Amino acid sequence: MKQIGQELLQKVITSRPLNSHKGDYGRLLLIGGTYPYGGAIIMAALAAVRSGAGLVTAATDRENIAALHSRLPEAMAFDLRETDRLFEQMARADVVLIGPGLAEGDFEKALLSKLLQEAGEDQVLIVDGGAISLFSQAALSFLKAQAIFTPHQKEWERLSGLPVAEQTEAANRAAVNAFPLGTILVQKKHGTAIYQSGSSESWQLTAGGPYQATGGMGDTLAGMIAAFAGQFKEQSLLDRVAAATLLHSVIADALSREAYVVLPTDISREIPRWMKLLCEEKTDFS
Amino acid sequence: MKQIGQELLQKVITSRPLNSHKGDYGRLLLIGGTYPYGGAIIMAALAAVRSGAGLVTAATDRENIAALHSRLPEAMAFDLRETDRLFEQMARADVVLIGPGLAEGDFEKALLSKLLQEAGEDQVLIVDGGAISLFSQAALSFLKAQAIFTPHQKEWERLSGLPVAEQTEAANRAAVNAFPLGTILVQKKHGTAIYQSGSSESWQLTAGGPYQATGGMGDTLAGMIAAFAGQFKEQSLLDRVAAATLLHSVIADALSREAYVVLPTDISREIPRWMKLLCEEKTDFS
Amino acid sequence: MKQIGQELLQKVITSRPLNSHKGDYGRLLLIGGTYPYGGAIIMAALAAVRSGAGLVTAATDRENIAALHSRLPEAMAFDLRETDRLFEQMARADVVLIGPGLAEGDFEKALLSKLLQEAGEDQVLIVDGGAISLFSQAALSFLKAQAIFTPHQKEWERLSGLPVAEQTEAANRAAVNAFPLGTILVQKKHGTAIYQSGSSESWQLTAGGPYQATGGMGDTLAGMIAAFAGQFKEQSLLDRVAAATLLHSVIADALSREAYVVLPTDISREIPRWMKLLCEEKTDFS
Amino acid sequence: MKQIGQELLQKVITSRPLNSHKGDYGRLLLIGGTYPYGGAIIMAALAAVRSGAGLVTAATDRENIAALHSRLPEAMAFDLRETDRLFEQMARADVVLIGPGLAEGDFEKALLSKLLQEAGEDQVLIVDGGAISLFSQAALSFLKAQAIFTPHQKEWERLSGLPVAEQTEAANRAAVNAFPLGTILVQKKHGTAIYQSGSSESWQLTAGGPYQATGGMGDTLAGMIAAFAGQFKEQSLLDRVAAATLLHSVIADALSREAYVVLPTDISREIPRWMKLLCEEKTDFS
């Protein structure tokens, strides 16, 4: 496996052209945070906004909107049960993230199923958390969007059929190749690995640590990946996903020097500062 | 076009007389934040309060009030569907800002229409965001209030009939002159420009940058303009609007030295400190 | 008029005995924040908690509780329309503050009337904001509690019958003497003055400035006065009220050195640090 | 009584193994925050998350969830009246904390009773606040879980039958021995003491002070104890409870050097930094 190094961050995170506007930095739709997991979509949205996404809209439970707006007025938010609005927003999004805090009910299952069919070729679709649990292999035949899956080991077992103990690099790569060409897998674990369907390579994260072992870490990562997928289009999607994943852990590592545990929202707070440092190539965090 | 320079900030932002009270710094009514855009009016209100407005009241969806009060207990807030209260508050306001996060529904359209007729000559009326989309030229014949419009390029196209590609300085100035004498246009874009009906001049902003390309930036600017419109009455309204617009970007520029993106609420947090620095003429931010 | 000086702060704010508990620092009941003024009681409660009150309970609109708890989980909060609970809480409180953000409706009027009758001799009752507007002179005959009124000039006009222009020191002192012996008046204005019924003296604040001219300042002051009334019982109530009033403005003055406007919640944030400095007599803020 | 010293903190708070995940740091269920005490469970959850708990779920009033998620999106939260979900979550929890802000109603009483019967031998059950008041000695016969009680003096009186004046070390130790073997008592007061049923020893806290005399302190302590009970399993539960109790006061002491009062949420904010310092044995806070 190739290691993902600091140079990737500096390759991906580049200065913005002067004459650009929020439409150039991604229109993101984040779906999740259904009862009792409302906090998850708040964390994903915080991470996305602070990673530079142009426009972030959350589709969540109506009763979750006050908490989201209190914490993050920068995001729009609507009731995900308003399905007309949801599919209209989906059609306009550059990046759709589904799953952070998505409860595993019938409504959510039907929603995911419809989303998988509707998402277009020019859209990036990130399948995370609850949406991975609800995902069925049958859906793969419909999938036109560029898909990214972000399972932890148990979720990857369900998705791939590979028991955790058999999730070797070779087995994972083979399993990923069963997904549509180009599909990206971010397999979350100690030493998170990234695969892409059709590629003979794989990439490993060397940053991160046990101070991140707390609820919401994955929601924050998913929000960062969504934001990076909506920006930096001169780089491959794989590079952008890898850079977001690395940055998430690099910030955690830095914060862990002064904190026994690093909370997801602590990471989000630091993102703009780190992106600036990396953009200016001033930083050596090794 | 004349450039708006630092000296304008120092001219406008002056020390407060010792024996003054909140009534001297503007009674502001901010209307917007209707579902699903609740965050917008929170950002506008935050910006207004932190820019020194004496009294800020938000008219928004009832379900949005908890988020607003959680973030900003300093503002009052009521349900904009209580139209009796709304028009009573309107009558007492020095400055009315309508539009940040105003959904484009029938209720909102009727509300805007009534507001345009009711606003009096001694009131400043700022038309932003959703209210620009709902605005119709026919309304201009009713307009008695001193109006300020804050469209981005697409909104200006709708308002003026000028396609984005034809929005030259001369064309814009001609279009502004079709509005009642004294009407101010803040045309938001890279290098935001300011026009006033009846004037042969126009002004250009030289501050600001792509780190501001994120949702909510305009809502924050609208709140700052509203606050400046309620204060500093020894200067012309045009100067106050230009100063608010410049300050918004000057703060963003300063924050961008340490942040890849600057969030709207980051700007609001910094406003009192910058106004103090400018008031004391201690700052050279060039 | 005597000026209230720094030495008063150091006299009042003294070290806590080691073996003490929250019951020793006041059980406060704060009543207000009714629609559309929910933020006011949040600010009063923030100020009270951060000024060292032992237990703070807010009686407010049920829909306002989420915002209050989000901002200040340290306070308890219940629906002020649960009158059984309200009067039970009142009976147990050392200090009752009524008025910050109290709407002027029939319910509130009846509530105030009952409260004025019920409050006992050993309770401190602070009448602020909306409660001053609802107060009628007839109520004075019932009043057994030690009362503190905190009107601004217009409210004092309504309360005393003195037009603003006639609110001279002598006239104010005479008007205060019509209140039950010991009643304290904090007359808020530029150079806030404090009077006590039965005293031939009056006291004037020399701190504070126009950077405080923003909504919510009075709510914060009321919360501080309530907290001081529940503590420092070795000093007279007058001294405690004067110390809270001075501290409020002293903090504002200090913050104004780096901020054009000082928000009420900015003051509250600083209270514990300033009380510590004053308690240790380390500070010379002149 | 033995004094609990700094060396205990360094013994308990050790580095996390690299290859670990959130399941290794405790699945916590916190039950409480029922009207009008919603803030209490927010404070307990904040303390638990910031003390390193792997997964924190709060069972509280549905109307309290928005405030909790606004302040702490890292925690999950559900309506404690959904008893199916509650008992399902209870069955999966490593640590159950019941009581912070638990109102003393019939529903809560029945809930506690069922919980006491259902909790298994391999679970830690912390009984705090309202749950202590609702606890009846009869329940002891059912109790299989490893129990921790955290009463203040009045609550201990109710629980043990010992009047406050008779709560001597010997009497307390005798009373604790009436509880199932291994039951831990954290008796909160100036100089908090810790006892364990079956032990001939007792331990006393020497940290802490009157700056902590404010509502919510105990809720924060309960959250810290819950988090420590879910981690650091190489040490005895007694040591973990004592370490959490000491850390709570050690942080308060440190903050009190610059603050007249220390709020519960101030303590929580500092926990990760202190745990890091202690883990690295760099700190001498004596």
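We just call them A, B, C and D in the order they show up, numbering each chain from 1.
What we mean here is this: contacts are C-beta pairs under 8 Å (C-beta built on N, C-alpha and C of every residue); 3 or more make two chains touch, one makes a residue touch a chain.
If you're wondering where the values come from, they're calculated on a predicted model, not measured in any experiment.
Trainee: Would you mind working out whether subunit C and subunit D touch using mostly the same residue numbers, over half shared, or mostly different ones?
Mentor: Different, since most residue numbers here occur in only one copy.
Trainee: Since subunit A and subunit B share one sequence, what rotation angle in degrees maps the C-alpha trace of one onto the other, as a multiple of 5?
Mentor: 90
Trainee: Distance from the CA centroid of subunit C to that of subunit D, rounded to the nearest Å?
Mentor: Centre separation, subunit C to subunit D: 35 Å.
Trainee: Taking each chain's centre as the mean of its CA atoms, how far is subunit B from subunit D in angstrom?
Mentor: 49
Trainee: Can you list every residue of subunit B that touches 2 or more other chains, as numbers and ranges?
Mentor: Correct list: 66-68, 70.
Trainee: Which residues of subunit B touch subunit A in their complex?
Mentor: Within the complex, subunit B contacts subunit A at residues 35-40, 42-43, 46, 63-64, 66-68, 70-71, 152, 189-190, 209-211, 213-217, 256-265.
Trainee: Using the touch definition up top, name the residues of subunit C that touch subunit D in the complex.
Mentor: Residue list for subunit C touching subunit D: 13, 16-22, 24-25, 49-57, 62, 65-70, 72-79, 85, 271-276, 279.
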